[in-house]
Structure formats: C-alpha cells, structure tokens
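In what follows, chain A forms one complex with chain B and a second complex with chain C.
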Partner chain A sequence: MIGRVVLAGVLVTAAAVPWLGRDYYATLMLPFFAYSVALLGLNLMFGTAGLLSFGHALFLAVGGYTAAYLGNTLRVRSLEVMLATAMVVAVLVALPVGWLCVRYVRIYFGMLTLAFGMLFYSFLYKFYALTGGDEGIPVARPTLLGHGFVELDKTGYLVGPYYYYSLAVCVLAAIAMWRIVGSPLGLSLRAIRENADKAAYVGVRVRRYRFYAFVIAAVFGAAGGVLLVVPTGLAAPTLAYWTHSGNLVFMLLLGGFGHFFGPVLGAFVFIFLQDQVMSVTEYWRFVFGVVLAAIVIFLPQGLMSLLTRTVDA
Partner chain B sequence: MIQVLNLLLGGVFHAAALFLVAAGLQLVFGVQKILNLACGSFYALGAYAGITAVKAALAAGVPAPLFVVVLLAAGVALGVLGPPIERLLRTIYDRDEAFQLLLTFALVLMLEDVMRFVWGAAPYQLGGVYLLYGQVRFGAVSIPVYNFVVIAAGLAIAVGMGVLLTRSRFGAIVRATAENRGMAQALGVNMTRVSSRVFTLGLVLGTVGGALVIPAGAAVNEMGIELIVEAFAVVVIGGLGSMRGAVVGSLIVGVLKAVAIAVYPEAEMLAVYVIVIAVLLLRPAGLFARATA
Partner chain C sequence: MTPLLVARDLVKHYGDVQVLHGVSLTVREGEFVSIIGPNGAGKTTLVNVLTGLLRPTSGSVLFKGRDVAGVGPIRLAALGMARSFQLVNVFPGLTVAETLAVPTLARLGRGGRALAALAGQRDVAESAAQTAELFGLADKLGRTARTLAQGDKKLLDVASAFALRPDVILMDEPTSGVSTRDKTAIMETLVQAARRLGVKAIIQVEHDMDIVFAYSDRIVALHQGRVLADAAPDALRADDEVVATVLGAPR
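Let's look at the complex of A and B:
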C-alpha cells in the first residue's frame, strides 16, 4: 500500500517537473528516463537472473546509432519508427551475441560481454563511412506521434512534448518489465539465480531462459539508447565503451538490484549526483569512485534497501 | 623482409609492456581470485610517475644514460600503494565476483582523477631520452636501441617471475594458495601477508610496465582504461591465472595489433577481439589453463 502511494507520488512529481519553470532540471530528467528503461532490462539479467554484463552499453549504442542512422541517412523522422527499428535491430544483434554469451556464467559471462561491447566500439570507431568514426552521427529532432513541434525551440521541445514522451516510454517499459518479472519466465530466472542445478533438475531450461533474459535486456537497452541520443543530438562511439557499461552496472548497484525500482532510483541518484558534483569539481570521477567503493563495501543492497528498511520499521 | 622484421619488433615491444600488466593481472587473479580492472590504471600511474622521476633525476644531475634505472626505481617505488589498496579489496574477498569487479572499477575511477589532478589533462611527455641509446639501422628502417632494452627487460622479468614462482619458497606458497586457499591457510600460511605481497607485486609489474614504455610515447589520462582491455584480451587468450599464458597471449595480441595496423588499420582492435571471442568460444579456459579452471 505504501509502495503504491509512493509510486503515485513519484509519477505525479515527475509529470510536474516541467511546470516548475526550471528547464535545466527537466532536461536532466531526460537521460534519467532513458537510463531507467535500459536499467530495467539490465536488472532482469543481473538482479533476476544473476548474470553480470560488463558490455551492456553495446545495446544502448545499437539503439542510439539506429536512431541516428535512420534520421540522418534514411531521413526517417518518426520516433516511433526509430524505437521499433532499434528494438528489432537489438534482437538481431542479441540473438547471436546472447546465444554465445549465455553458454557461460559468472566471470566468463562478464568477460565475453565486455569483449563484444568493445568489438562493437572498435567497429563504430573505425568504420568511418558507415558510423562517422569518432565524430559519430548527429541525431535530428524526431517527430512524436506524427507531430514535428516546429514552433518550439530546442529546449521547449525537450522539456515539453519530448519530456512526456520519454516519461510515457519509461512507464510503459516499467509495466512491461513488471509483467515479465512476475511471469513464469521471471520466476524461472529467479530459480536459476538461486540454484541453477536445482532449477535444471525440476525442469527449468536454464540456458534458454538466460538467453531470453539476454534478448529482453537488449531490447530495453536499445530503447533506452534511442531516448538517450535525442536530447544530446549525437550518437558517438563512447556509447559502447566499456566504462559506459561499467557506469550502467554502477547505477544498478547504487539503487539496488534486489528491488524492482532499484535501478530507476540508481539512475536518478547517479545523474543528479553527477550534475551536482560536476558543478563543484572537475574531479567527479574520484568522488564517484569513492561512492561506488562505499556502496560495494557497506551497502551492497543499494540505496533502495535503506528506503525499504525505513518503511518496514 | 626488413619491413616484416620491423613490424614484428614493434609488436614485441608493445607485447613486453602488455605482458607486465597482464602478469600482474594473472598473479592477483591466481591468488585473490579478483579480476583487477585497475591494473591498467597502475600502468598509467607508472608512466606518469616515471616521467616525473626522470625529469627530477636529470635536473638533479643524474647522468642521462641511467634514465632507465630511474624509470625502474619509480615503478618499484609505487609499490607503497600496494598494501593500502589491498587492504581495501580485502573487505570483499568473500563476496560475489560482481562486487569485486565493481570495487576495482571504483579504483579505476579514483585513480584516473588522481592522475588528472596531479599531472593535468594534457599529454605528458618525456622528450629527448628515447633515442639516447642510438638506433640500429637495417637497410631502410631504423629501430631505437631502447626498444630492445624494453624487450630485454620484459623477458628478464618474465624469466624472473618464472624462477620466483617455481623455485622459491614464496612462489611455492603463492602456487599453493592459488590452488587451494583454505588448505594453504590450514597449513599455516599467513593469508593476510601473502595477499598483501602478491597484490603489491602485481601492482609493481603494472607500474614498471608503464614506466618502461613511456619514453616512446606520451602519458595520457585514458591510457589505463585503454590498456586494461588489451591486457584483459591477453589473459583470456592465455588463460586466466596462467603465467605462460600471459607470455603467449601478450605476444599474440602485440604482434596481431602491429600487423593489423600495417595491413588494414580499421581492424586494429577488431582483430584482437575476434581472437578473444574465438578463444572464449573454443577454449573458454584459454590456451594454457587446465580444463578445470
């Protein structure tokens, strides 16, 4: 009950942010929505299935570059088409990559995903003709449900229609993931995480379910990637770099992978903390390293465990 | 022919540095079972500290040809960072690998900014000493003698590590710990001390590697996070925890990169990752690890 009240409160607050008149904070919410979508998927792999990917940024880059390529080269303007295409491309990429990766678990899974992520990074970086090399591909303003909103300037577009579009995609992604986690697939994945041998013994197809989780996470990642590049206006190869994957896992852990909304909280805290720290010092990485170390050592269940503990008490 | 030789020597030069970092990675993985992402940052730290040390030494009147000794000393001196960092990692030895990996990622973030704070964001160079030992001419190509010095140093350290691990008491303890931590402890090995020493040794291998190669290039903030992915490729190809694997893996990666740059530059890193993925799929434990690993 408390959970639902809090959730409703958060949604109302999120919807009200553009009305506060502080456009800056509204634009900060945009990467938050994008990362939330991607992290909901990543958490299906890590939190639910227990597989740690250190190359998930690959799929954000797949999404970002698909949107950029559609808009820039093929002159497609519709964000719905971009999202749908990005998700299809993500499935096409995830089928072979996931099929190979889920043959391994633990540290080997992490290493293989990292290798695939860096493989894609060097492809983006080196094949200039297709990907724009280190300059990337610019992302033009897409239309939302057929509307171009040409009367709005860039900020007006981003904190207005695009803001609510992102929020809607984020909510839809959360609902979809909620159903996935509660489905027999989600239950099986949790059983596999707890004890893969026992799960296999009672008839759960371990490798196949891990594969499904991988593909679903890829689709969420690509959708997040599309939402991420529209505000920045650029799809750059650093999207796929391994430190970006590391930051994704950082956000996941910061919020807490054991709770459904942990990754969303993690993305929020990461982005706003980064903004605050960067305004104080250019050495924000150091501060974040300290924060990450402290979380890993003292609070492995993430910030969400603090919140839920307070509510329970 | 001479072009090929030049290419191979370039590859082996890179492989020497790569081997040192990868050896540090292997050692720490063997004993602590932690895949240390910060190994690349140690390499970068060694590079920066090496430049500063040589500049200070030259200013203090140390004869210029001794710069390689100063570089080595700088790398070894950074070993003082080993015990405190190991102390931090010790808090999570019994946790899930995901947390261990993330804690070393936290170290990467911290060390990157420490270097940016101390040495700034602009490339930092050690001009004027690279060609101090002269060059060897083979027809149209000339190769700095210093490259051979680095290759020889890498080789010497590889042999030294081999002797240390297989012939000394310390090596026996390290191998026993890697084999069975609990049993080694039960037999009276002081695990705290072994972990601390092994980690420091691994760190020093990385810092010495960075210090040795830096006369040939410039130190930049990102060099650590770039090199760690290559070192990582080396240990995957060679097999996690295997020293012989580190030697062969770094030669494969170093030479492959050099050849790719000469033949088809677009495929520089692509070629390395393709090999990594192929090895992971065909021999997931690497070329030199036992099947159980």
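Let's look at the complex of A and C:
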C-alpha cells in the first residue's frame, strides 16, 4: 500500500518536473529515463537470474547506433520505428552473443560479456564507413507518434514532448518487466539464481532460461540506448566502452539489485550525483569510487534498502 | 513388464582410479530398493551415473527402456526420474510455495513463459499446495526456505523432487542430518507421499540399517565398486559375508 502511494508520488513528481521552470533538471531526467529502461533489463539478468554482465553497454550502443543509422542514412524520422528496429537488432545480436555467454557463470560470464562489449567497441571504432568511426553518427530529432514539433527549439522539444515520451516508455518498460519478473519464467530464474544445480534436478531448463533473460535484457538495453542518444544528438563508440558498462553495474549496486525499483533509484542518484560532483571537482571519479566502496561495505543491498527499511519501521 | 530402471555392467573411472567395477542392478515397478555399503564403496558415483549426471566409462543405464547414460538431470526429470540429495539442497530465498511451484511449472512445460502471470496459474498453486500438504508443510507455504528448521528443509528438498510427480525417485540419504527420533517420521511421510502421488519405485542410499531393513523390498550391498549382494532383507541378514563386510559387527 505504502509502496503504491510512493510510486504514484514519484510518477506525479516526474511528470511535474518540466513545469518547475528549470529546464536543466528536466534535461537531466532524460538520461535517467533511458538508463532506467536499460537497467530494468540488466537487473533481470543480475537481480533475478544472478548473472552479472560487464558488457551490457554493448546493447545500449546497438540501440543508439540503430537509431542514428536509421535517421542519418536511411532518413527514418519516426522514434517508434527506431525503437522497434533497435529492439529487433538487439535480439539478432543477443542470439549468438547470449548463446555463447550463458554457457558460463559468475566471473567467466562477466569476462565474456566484457570481451563482447570491447569487441563491439572496436567494431564501432574501426568500421568508419558504417559507424563514422571515432566521430560517431549524429542523431537528428525524431518525430514522436508522427509529430515533428518543428515549432519548438531543441530544448523545448526535449523538455516538452520528448520528456513525456521518455517517461511513458520508461513506465511501459517497468510494467513489462514487472510482468516478466512475476511470470513463471521470473520464478524459474530466481530458482536458478538461488541454486542452479538443484533447479536442474527439478527440471528447470537452466541454460535456456538464462538465455531468455539475456535476450530480454538486450532488448531493454537497446530501447534505453535509443532514448539516450536523442538528447545528446550523437551515437559515439564510447557508448559501448567498458566504463559505460561499469557505470550500469555501479547504478545497479547503488540503488540495490534486490529490489525491483532499486536500479531505477540507482540511475537517478548516479545522474544527479554525477552532475553535482562534476560541477564542484574534476575528480568526480574519485568521489564515485569512494561512494561505491561505501555502498558495498555499509549498504550491500543498496540505497533502496535504506528506503524500504524506513518504510517498514 | 519392462523393468523401470536397468543398469548393466557399469564401470566408472576417475582418471586412474576405478570406482565402479561392473555394477548391474534392476528396479521394477512397486519396489523400494536400498543401496548400502561402507564409505568409498561407490554409492554416490553409482547414484550420479543412474541419475544421468555422470557418463559411465562403460555399461548402460536404461530408464523405461531408454538409454539415459549421461543425459543430465533436466532431461531425466522430464522422463520421470527425480532425485533428492544427502545434504539439504533448497532454494534459500524462495518460499515453500515457490519452491514447489518451480518443479510443477517444469513438469507442465510452463517454466519459460514470460508473459503469463504466475499468480493466475491456479493449477500450479493447487498442485504445489497438495504436495506441501503431504509433507506437512501446508502451514508454512509463505515461509522462505532459509527460515525453516533443518527437518523441514529436508522435507522440502524431498517434496520438491516429488512435485515433479516422477515415476522413480532416487534419494541420497533422505534421513541424514536428522535426529533418530525424526527419521521414522520422515520415512513414513515419504512412503505415504510416494503412494499418494503414484511414484512407481523408490531407490535410496542409506546408512541407517534400521531404516534400510524396515522399508526395503530389496537391498543392494556395494563393496569396493562391486555388488556384493542383491537380495531381500531377510536373505541378506542371513548372508555372513555381507554382514561382516557391509553391516560391520554381527547384528
């Protein structure tokens, strides 16, 4: 009950942000929505199935580059087409990558996903003709449900229609993931996380379901990637770089992978903390390192455990 | 009638060490078979080969007439053989209801459905509750496995194997780690549940000879990787060699 009230409050607040008259904060919310979508997927793999990927940024890059390529080269303008295509491309990439990766668990899974992420980074960097090399591909302003909003300037577009579009995609992603976690597959994945050997003995198709989780996470990652590159206007190879994957893992740990909304909270805190710290010091990575260490030591269940504890008390 | 499980001339090497030296055994419908033997006799290896986890170096395992050597636990569960473990083996973070729903979903082939709501699967919940009832866990459906008492964990472990509604269940020391007083109670629960759920045969590995002689139709005594005896309890008791090697001091 309290959870629903909090959730409703958060949604109303998120919807009200563009009306506060501080466009800067509204634009900061855009990567938050994008990362939330991606992290909901990543957490199906980690929080639910127990597999930690260190290369998930690969799929954000797949999404970002698909959107950029469609807009720049094929002159596609519709964001819906970009999202749908990006998700299909993500499945096509995840099929072979996931098929290989889920054969391994724990650190070997992590290393293999890291390797694929770096491979994709090199591909983006080197295949200049297709990807624009280190310059990347610019992302033109897409239409939303057929509307171009040509009367709005860039900021007006981003903190207006695009803001609500991103929020809506984020809500839809959360609903879809909520259903998946509460499905038979969700339960099978939790059984696999708790005790994979035992799961196999009671008939759970361990490898296949890990593979499903991988592909679903890839689809969410690509959708997040599309949302991410529209505000920045650029798909660049750093999208796939391992530090970007590292940031995703950081957000998961920060918010708490044990709670459905932990990753969303993690994305929020990460982005606003990064913004604040960067405005004070260029050594923001140092500050983040300290924060991460403190979280792991003092709050292994993440910031979400702090909130749920307060609510329970 | 074809026997449910036929193992023929099983040989298993681990590198240079030979653990099984041509073990054969047959389990028919309606039988309760105990595998006994001193430590190092090859019991665990035999169980791992019978349950498809290990591929024998040579020899064959036929389950319902099908060769199942090395097919792995998932395939074997689908064919109708379930297994429980010597050490308590549960899903610590899942509730009793969830733990029993997992094999039920697997049996019904629905474990991979991502878009159906688990809460809407009435038959799964009912089947899980029925299994819990048989194992005296009905009032603990909402408890997570890690919070259960040791005896209940053991029951839950076995119950999750029964939730597959298998034809054959293979139990590795179902009463290990349980107080002597509780052992009989657990065995009674198991045998009752097997009858109610239509399990056709039970194979167990057991050290407690009181349990073995009280429940078995047949006892297979292993010694140094060979079958020393394969007989009904009474016949076995009369066999001096078995008594000396396997049972230890004369009883």
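Please note the rule applied: the second predicted complex is superposed on the first by the 313 of 313 C-alpha atoms of A that agree within 3 Å, B and C clash if a C-alpha of one lies under 4 Å from a C-alpha of the other, contacts with A are read in each partner's own complex, and residues count from 1 in each chain.
Keep this in mind: contacts are C-beta pairs under 8 Å (C-beta built on N, C-alpha and C of every residue); 3 or more make two chains touch, one makes a residue touch a chain.
Here the structure is a predicted model, which is why all the values come from computation and not from measurement.
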Touching A:Tyr104, do we find chain B (first), chain C (second), both, or neither? first
State whether A:Tyr69 touches chain B only (first), chain C only (second), both chains, or neither. neither
Mind working out whether A:Leu185 is in touch with chain B, chain C, both or neither, as first, second, both or neither? second
Across chain A, the partner (chain B or chain C) reaching more residues is B
Applying the touch criterion given at the start, work out whether A:Leu253 contacts chain B, chain C, both or neither, answering first, second, both or neither. first
Just to be sure I read the superposition right, which of the two partners does A:Tyr157 touch: chain B = first, chain C = second, or both, or neither? neither
What residues of chain B sit close enough to touch chain A in their complex? 35, 37, 88, 91-92, 95, 97-99, 101-103, 105-114, 116-117, 225, 229, 232-233, 236, 240, 265-270, 273-274, 276-277, 280-281, 284
In their shared complex, at which residues does chain C touch chain A? 72-74, 77-78, 82-83, 85, 89-94, 98-99, 101-103, 105-107, 110-119, 121, 124, 160-161, 163-164
For a test of understanding, state which residues of chain A touch chain C in their complex under the given definition. 179-180, 182-188, 190-191, 193-195, 197-206, 208-209, 212, 216
Touching residues on chain A, where the partner in the complex is chain B: 46, 52, 54, 100, 103-104, 106-108, 110-112, 114-116, 118-119, 122-123, 126-127, 242-243, 246, 249-250, 253, 282-286, 288-290, 292-293, 296-297, 300
